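Chain IDs A, B and C follow the sequence of writing; residue 1 opens each chain.
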Amino acid sequence: MTFTGRISFELPAEFGHRDVTPEVAALVEDSGVRSGLACVQLVGSTGAVTTIEYESGALADLRRAVEQLAPADGHYEHNERWHDGNGFSHVRSALLKTGISIPILDGELQLGTWQQVIAINMDNRDRRRELVVVVVGDGDG
Amino acid sequence: MTFTGRISFELPAEFGHRDVTPEVAALVEDSGVRSGLACVQLVGSTGAVTTIEYESGALADLRRAVEQLAPADGHYEHNERWHDGNGFSHVRSALLKTGISIPILDGELQLGTWQQVIAINMDNRDRRRELVVVVVGDGDG
Amino acid sequence: MTFTGRISFELPAEFGHRDVTPEVAALVEDSGVRSGLACVQLVGSTGAVTTIEYESGALADLRRAVEQLAPADGHYEHNERWHDGNGFSHVRSALLKTGISIPILDGELQLGTWQQVIAINMDNRDRRRELVVVVVGDGDG
């Protein structure tokens, strides 16, 4: 069986983030899937989805790491061509990627206690971001 | 339902890339899956698959970022042991990973307008690379 | 059809790694799935799963690269708040991510000859780590 859902929300520029675990878990519950997986995708080329312990320290540390990977004030050929100033956003998104898949057992997303699913807006402006979630697997029957 | 396909093509050394979105989308259409996901894998340990805006600026910027992650002219223990000179390729591939999964809704890959699926050859020589695609989900019925 | 399994093992601190390909392949065989995918997740926020040529040189090179991404002796706000010293572990895990999905064709994981699935313990202490594997797809019938 296959179940699909969408989640959308506003996120601030540059590293606006949201713990989407409750919303993804609610979709899993709605799906009725007990064994399977949830495939989560942030639509677009300037965002990312990953997992982390959702507390301000770890989030600040991750932000600093991605700033080093692709500094916001660096030189980007994308910016030379398009003058939209978000070359760093594209690089960060391509490196972190925009999706993950998470196994489901006994109807539960298989995450650690201190492991949350986060959506990150890497763009240089506030954005409404959309997550698409597909749940595939077997129900109780 | 499950549908599988293979795509292969030649790519230049070091950062040869290809926008494989049309080929993956064609496989999704052939599959008849309307709700589900496409799991895309570049077979081998010196390539990568991710998404990016497929324009020369962003591609050049990503290339520079992965060059910083693992410089082609750096020192690698892999090269010391095997003398094939592609230690940087293995590191870049392990960091970016060789696959992604993309949700399908209404028969369409859930990507942004400026978000394409790219295959990258990270090896230090031209390579014929193979993508395996599995489409899982439900059809119209 | 959907098949689930768990694998657990001890790994040393900081970059303890294990080639889990044989165990994942055994679960795929047990599942009876011939066409589909295996979704592999290391549960927790201080580990990672990726693929690499499983030989000591490439592993040492990858270790050095992730050490540069998030040095073990760096300053982390996570450590300031929680005093557990594993801020670098969380950053490394969020960047590499804790899971991958691999296509299955003809009952075989679609990996290259020199491409293995590895689980990495990024934490600052030895850990028993658990992998959850979900196999989704079609059997022979």
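Note that a residue touches a chain if its C-beta (ideal position, glycine included) is under 8 Å from a C-beta of that chain, and two chains touch if they have at least 3 such contacts.
Source: prediction; values computed, not measured.
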item	value
Angle of rotation relating chain B to chain C [CA atoms, steps of 5 degrees]	120
Shared interface numbering between chain C and chain A [over half = same, under half = different]	different
Geometric centre distance via CA averages, chain C-chain A, whole Å	19
Per-residue overlap in chain B, given as positions that touch at least 2 other chains	69, 95, 97, 101, 136
Of chain A, residues touching chain B in the complex	1-4, 39-41, 43-45, 69-70, 76-82, 87, 90-91, 93-95, 97-99, 101, 132-134, 136
Chain A - residues contacting chain C, complex	35-37, 50-53, 55-58, 60-62, 65-66, 68-69, 95-97, 100-105, 110-112, 114-115, 136-138
